[in-house]
């Protein structure tokens, strides 16, 4: 019953075996191998266009270096108030980009477009005192387990376009969002106006495979230097490539995300039908936020379930009753039906 | 005939299989797993003392963050003029530490102690204009394929101690140096006065396993934040731990380094005995620098040999004749005798 | 009728003449002159204790370098949501300190102590993800024209002490606050628990004189390097010293602040008694925030009055009616009674 | 007998009086006053073209921010090995620009063009490991008291142009170089290919007046933010403007520089004719480097002369005999003939 995070899972067998297979032989280092090149082309196919792609080691690196590529002195990057970049990366995006992150509120983990416009207006390009708007980043799927619809992305992208602000997507759970929406990678990104993507695969079955995707390769010209200076160019880069190679093969990545989301669907259904527990808000990817009796939480923990209590959103302090607790449950490619059912039984008492 | 670099090799089978075995199951993320903890203790055993150890993804990260931990405004870090940190890391150590690297010359890749003293004297702690000496870093084995003797490390450490400068060792080829000297890890590091070590395992059989070792754990207190802010805390950190686990098992790491050095010995012997080629300078780890006829270089390349032509050291411009070329040959755990012999045959013509 | 800002004023005649007198002769550069030393001692007398003091060129520099001196990787500095450091310095404090500024709300420009405690709790020293609380900065007088009482400073200082967070005071309008409270410099700073002070004199009659004061000189050890690396060590530093020399002479600085505050008192009284205009909130230093008819604002501008319309605080959107405007009026050592009276006449219509 | 540095002098009376005159009245802050604008136009006239000009507080700021404007990740800035930027600014240019400074040797304080070419070749734009050449900076007049001829500037500029590297001139002693060459500001800068200039006036009679000049205003677009974030935008900026206003009036600046150079000429002539002392190398601006008997140095110091002993250039260790010392003598607008003659008498014994 491991629901603490999708990064508690290991690596999917196909990916692990692909790594083993790759261990033999020699190949050019620092991203220059044939396999690196081949997987870069595979990315272009996945996204149906010419792109620039750079492998890095962590999601924090993917986000930080994406944002570093578009920053200017005095820059302000807008993100959701609870986004990973502002809340969980120890200031790495600020450090690498030299810009200040500024949280924009919004229900269910999504930036409120009206609030975003207000904030942008407060940082005009001409007033040196305040600093200036230089980028927007959204998270898909969000930290709250929700998924921006295509129309919602359009709305943010329209703002970005109007103000000429580069638009970044933190796709640590890209595949989960994709299968939730049932659209293509292109439809969820550059066709909407996304300029840069942190394409995460670690949470969805790899052990360490993250990529930065620039949909306009021209804009990536500084990236090789930005990456190297950030200590994110791996000498045996082909082992990251190998993971992506297996990840994309026969659409494994989409299958794994469907499985993870399906396990969350099962959790959601079980909690909805339960007595005493309920969903805190609707989610559609591989995260479930539930309000459960404290007694049930205790019971589950005693039986070995792993999950995190979650802070009550400041905007809805009345959400959780005195004998209740808000918990986050994350499912992954490795979650099994039996674990879900065991957990639901703990809730039932 | 892959002699371009030891990072062209893949991963040793035992390490790759250990990764595969680790792919199952769930474990706490971000370095908090049992395996992470166990491997940290293993490090302490290897070094025969209480230490702090932090896993990172690249050697550049290990060097940069080690140096970042001891830097102060206006700081100057002394390294050999041709050290990896100054010559091959795109300014990452400067970027992360905020200090300027300053090259100190010295024969065969080793810092000249007298020149080091001179440079340090030029940056007193009291003159804000010039900046101030704040750290020294040496590379073991060096970029020139040589190895500091224990007495030579003592000499540098004595200077560091006298001027209260933290002393870092870039151990990207730590194991190769160790077996070359035939000493223990403790003897080559903290018993000499090394404060911080970049412990590299990638070049010697892992695919991605680097560690920063602090011999005084007190001095590592800021490191968890430094590492996280640098985007070097891996969510599935246990996969780095797993590689180290296999690396240390039954002294595999020493065996691999012995093999790599042995292959270089074979190269050295062959070149010494050859007609027309000769060693550029004596080396004792897994790198060989040879002056070979241009015709031999061409012949080897045509037969598929991979190696780099190397710049002639500015101090000895007359080293290489007009029909000759200076080449660097690196052997690894994966180099085979047959490759060495084939290459030597190419030299012979 | 110059009420746009106190930095629209020039320099007080005594200070300007002292600069002229200082123009003759030779003296050691970079802060080593006798005058520099003497004025440093004068600062110690003013603050009734042993201190470290460093002259810099701008208030932004004083704030940024003060905060840089106490920062650690992943650091978070707490300030009021509308503080100058977060709202008007183009990210300079973030840039120099490497920390993220985080705004804490509070009425009338003062940090709400309860909200501060909540925020600090959200950034524990042990969780690398979120970053960690590393400093608190308050502004005295505040950007809203109010002044923290000694008891209010105590309350913030108690929080800082409990969490071992260095406490900085942005004293761009230090003298105005001081005479408003009628206390001594010591009472308003180190006796309350302030660790570092940006002591501003530019707004109160100098043309360019700012100082960083460390109440524990031990904590200032890195400052000479921090200042020099920040390009804030002036070669002819004695001209900054000379301004402070005249500023302190015969308590000129307190007289100037009393005058500025008195002019604001006159404005406050006039507005309170007026028909149609009113104070937006009570202030007690040299800034007045008033809600005036748009017609009156237009009238004043036409007669040459200079002042800024001010954004309505988000917490009180209903503060300002449709035909009204919120304006900020700042008085200075150079404001004359006639200007105040002329402005009040404009309001009257 | 003040020959320690030209920044030991105070401020020229005309400039000090202009400051006094400016102290009255009110004006827009942060560089927006009429006087700021007028002096900006004056700069354009002085340089005979449309330019962008930004006032800052120190020469280190002017250099650092100029270089910051053209830097890219992994960048290398080339300067003379003994240039102020690399030797005397505590790493400020590295800090602000994020680039590493790399010293290029050359006789008499001037970059050797052949060595510069070699260094640039070592940092190609395509090899991420080494970093990449991104800027060149020369000092005019040099730290060694010499002046680049127009032809010598052309030679460096030709290299910069060929490699598309922006070319910066550190003009801390711009006026001294100008009158030494007898050319116009335009001829010594943009007509030669200089892109950015640190225009120093502090050493030549102001107390604090430095400007950054961009000869292509388009390239200065980021500068207002770079300057503000660097804490170098002065609220009462018009006091810097006022100094420049007086500085340029009736060519005062050229007269002051001519006087300073003339005093050095007098020193040079006296030393050349002396027994026992001699010039260390030929200089032509307001610095003189002389080899004098230790006994003479002692005698001069006892009579109150202020000057610095200077390190013997490493390339010419035999320059100075055992009973001799190398000294630097700097003259300024405030140096008087009597001081020079007194000093020469000390030498004579």
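By letter and in written order, the chains are A, B, C and D; residue numbering begins at 1 in each of them.
We adopt the following convention: a residue touches a chain if its C-beta (ideal position, glycine included) is under 8 Å from a C-beta of that chain, and two chains touch if they have at least 3 such contacts.
Since this is a predicted model, take the numbers as computed values, not measurements.
Separation of chain B from chain C in touch steps, taking the shortest path, is 1. Centroid distances from chain C, each centroid being the mean of CA atoms, peak for B.
Mean C-alpha positions place chain C and chain D at a centre distance of 34 Å. Each chain gets one centre point, the mean of its Cα atoms, and the points for chain B and chain D are 42 Å apart.
Centre-to-centre, using mean CA coordinates, chain A is 51 Å away from chain D. Residue positions of chain C touching 2 or more other chains: 73-74, 89-91, 95, 128-129, 131, 225, 228-229, 233. Within the complex formed with chain B, the residues of chain A that make contact are 2, 4-5, 7-13, 15-17, 19-20, 22-30, 56-61, 64-65, 89-92, 95-96, 202-203, 207-208, 225, 228-236, 239, 306, 334.
For chain D in complex with chain B, the touching residues are 73-76, 87-91, 94-95, 98-101, 128-131.
Interface of chain D with chain A (complex): residues 68, 72-74, 128-129, 131-132, 222, 224-229, 233.
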